[in-house]
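There's a structure below that I have some questions on.
Chain nomenclature is as follows: A, B and C, assigned in order of appearance, with residue numbering initiated at 1 for each chain independently.
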Amino acid sequence: MTTVAARTQPRFNRIHGLVMLLAAVLLGLALAAPHAEAAGKQRVVAISPFAASAMIKMGVKPIAIGQTIGGSRRLDPRLRNVKTLKLSHPNGPNLEVMAKIKPDLVFSSTRWSKGTSAMKRLGIRVVYADPTGLGQVYPTIRKIGRKIGRSAQAGRLIASMKKRVNRATKPTTKHPKILVVLGIGTTAMAFLKNSWGGQLVRAAGGNLVTGGATNSGGFARLSDEVVVAQNPDIIVVVPHGNSDDIGQVADYIENNEAWQTTNAVKNGKVFVSVDNELLQAGTDVGQIIGKIRSKWLKNW
Amino acid sequence: MAFGRGKVELDDRAPLLEADRVEVRIGKERILESASLTLNKGELVAVVGPNGAGKSTFARAFCGLRRPQGGAVRWMGADLTELHGRRLADVRAYVPQRAQVPTGVTVRDAVNIGRSTHLKPLQGLSAGDRDAVADSIARARMEGFEERDLSTLSGGEMQRVQIAIALAQGAPVLVADEPTAQLDLGATAAISKMLRELVGEGMGVVLIVHDLALAAAIADQVVVMSSGRTIATGTPEAVLTSQLISDVWGVEAELVQREGRSALHVEWLDRH
Amino acid sequence: MLFALVAAACASLAFGAVHIPLGEVLDTLFGRQVPETSKQIIEVLRLPRTVEAIVVGAALGVAGACLQGALNNPLASPDVIGVTGGAGFGAMLVILLSPASVALLPLSALAFGLLAALLVFLIGFTGRGGGNITRIILAGIAIAALFSAATAGLMSVYPDRVPNAVFFLVGGLTSTGWDNLETIWPYFAVGFVLAAFMIRPLDRLMLGDDVAASVGSRPRLIRLTAALAAAILASAAAAIAGLLAFLGLLIPHLVRLLGGTNNHSYVMPVSALAGAALLTAADTLARTIASPVEMPVGPFLVLLGVPLFLWLLRKAV
């Protein structure tokens, strides 16, 4: 045994030297173009659509992205051919699949936090990159940029997003009352001020109807009496998941006897939100706020 | 349920009950092979026999509680298969061996249930019905117990309530399955006297009983059953001979009757 | 009990998430001129909801009384004949699989509630020993487990839609005007009429199958009919108010303890009144306590009912 070990020793040394040399060359390259290198070395999975979209806009393609609920229309065309991971409660991506892909870094969402520790045990770094409030959008982009070594690109992306958001949120005197409800069930589950959609609607100038309800989850089952009394000018329904049945959803609300006297129903101002635009954060905040204002709030 | 059906003619001159070679099977097993019995007005027929001879099955079969697979049963000339619900309740009342004793039900409530055969669905008790209930309670010697909860009664009292329920049905025949089986001597005597009085009023009574001395003392006719068959029918003196008792029960015994008293002299232990 | 119901109904009309002066409430009911919003709230939201609470509460009370009588088992509630599991599954099918057709929810809950009950009856009342109480209850437990498993399966496939389902599962009345009652009322009507005809047969059954048979009844038929009445009432109730089977278990006991008698001519109608009163009161609380947010009524029912029940139980023993 000892003889064998002795014989392999020199070869090992040679390999070792080769590796050292390579490392030195790489280090030199890295110093010359730090951003490109950092990204090139890391294999990144973007589970949160926000991170996926931010990454591609910074010029980095993730090796896989999380499945988007409610269609892929908001997905950047450059991400269309990227491997899509199925997500399911409570872990998010299938952990065996993750073990096989073995990325270095995963941009996840607190929604899938159950799977985080398992992924960490697989040796994967997990970073939450899915803002739940408007105030977190730019910091999150900065964070993503930092993690993939594209801080400069992150800065440019933020600047362009800010421009769009500013355009969409120009001061307005029109503040119609707008009720946003999640899904359609037996009673209205209303978006509150701290929900993602609620923040977008308010940013667009809408006066969100909540009856004064607050809670940490961002949604509350509002009494129909309050809806009738507050009399929203506009009602927006956010269906869960697939939105093939938009017509049916709008029909249901318009025929709901309880809300017949609201201005929204009387004037046919019942809209159905699509593509998860009021539920899932994306880098297209400015466009969505603009849409809320131009399509839904336009006549006020 | 007492929903009305086509009326079946009852014949007053026919025997109250004629059961002819009744047969009951469970699956392939015949638990009653051939049992027959005739009951006339003002007559008490006692059905005796060892445990498992099929006495209760026979009674349940001719009362319409379980469907016989063979033979014929006629109540006042009408075939049992033609009698349903209310009509059946009008010809016979059945007193089960062991009653279910619910809580929260008074004696009067229970006897009202017996009288309910005279009412249409959703109809309440009339003054006449209330009188009939009071009369049934009196005949069963339960006056003063009307408001007592069934769960507070003794075994003998509960048995009398059962008979009162049956009487409230107003049927001419009372079939009682071992009404005295769980009772002490005094309660047994009280029930026996009551049954005899009912017979005196013109009713027909079928009594399932295992006490041969009791049967001999109160029955007009005795039907002896063994292994699913009725093997002898007649007056107690004619039927309950030492030979028959030995054949059927395998016990040496002699029935002694004197001045309305009866006793069974049993050879409990072998003399040898 | 009638007084309690009237009081609960008045409270239900008078209180809500939006304060409306008592005068306006009365003016609306008597058809006098009132502001349109108040009129809308009273006529379209509160009045139908109060009526729903009364009907559903009465239905569950009667269903419980019917089942406890039919199965001669104090633990019987619409759970035991599979209605709860079935209706829950029917509702989940709509809420989770096809949320856009939520208008079909009451019918789906009703249909599956009845389907589950029919399966239970089919197994429980046929074959050797059919109609035997233990057999019916075991069949009920099996079928209920089957539907609960299917419901749980659906919920794990569509977790993001579960929040909308919770309201149904724990039981909650909604303010959807008269629509629901307009579709479901025939079932309530049939159920109540059947139950009324079962009052005397169930009394007979109390004394045992043999006594019932002696007075000319068919015990198996009584059981089946009474259980059917209960299934119809409980399914119809679930269609409108979700899963509140607990009410069906509690109310008849409450009524028996209050009255000290088991006669169905007392238990049945008083259970209807008591169920209606309790549900109306609980729903009024659920609507107002966290206003403007609406709570499901199920927990409040338990909150109101259980202490009352325990107090009576202590008094009785």
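Basically, a contact is a pair of C-beta atoms (placed from the backbone, for glycine too) under 8 Å apart; a residue touches a chain by one contact, two chains touch by 3 or more.
All values derive from a computational prediction rather than experimental measurement.
**Student:** Going by C-alpha centres, which chain is most central here?
**Tutor:** Chain nearest the overall C-alpha centroid, as shown: C.
**Student:** Which chain maximises the distance between its CA centroid and that of subunit B?
**Tutor:** Centroid comparison gives A as the farthest chain from subunit B.
**Student:** Distance from the CA centroid of subunit B to that of subunit C, rounded to the nearest Å?
**Tutor:** The computed centroid separation for subunit B versus subunit C comes out at 44 Å.
**Student:** Per the centroid of Cα atoms for each chain, what is the distance between subunit A and subunit B, given in Å?
**Tutor:** Here subunit A and subunit B have centroids separated by 82 Å.
**Student:** Touching residues of subunit C toward subunit B in the complex: what are they?
**Tutor:** Where subunit C meets subunit B, its residues are 72, 196-197, 199-201, 203-204, 206-208, 210-211, 213-218, 221-222, 256, 260-263.
**Student:** Considering only the defined contacts, which subunit A positions touch subunit C in the complex?
**Tutor:** Within the complex, subunit A contacts subunit C at residues 69, 88-90, 182-187, 189, 210-213, 215, 219-226, 228-229, 231, 239-241, 245, 248-249, 252, 255-258, 260-261.
**Student:** Under the touch definition given earlier, write down the residues of subunit C that touch subunit A in their complex.
**Tutor:** It comes out as residues 16-18, 36-37, 40-41, 44-46, 95, 98-103, 105, 156, 158-161, 163-165, 167-168, 172, 174-179, 242, 287, 291-295.
**Student:** Contact residues on subunit B for subunit C in the complex?
**Tutor:** 1-2, 63-65, 84-90, 92-96, 99-100, 102-106, 109-110, 113-114, 116-117, 119, 121-122, 162, 165-166, 169
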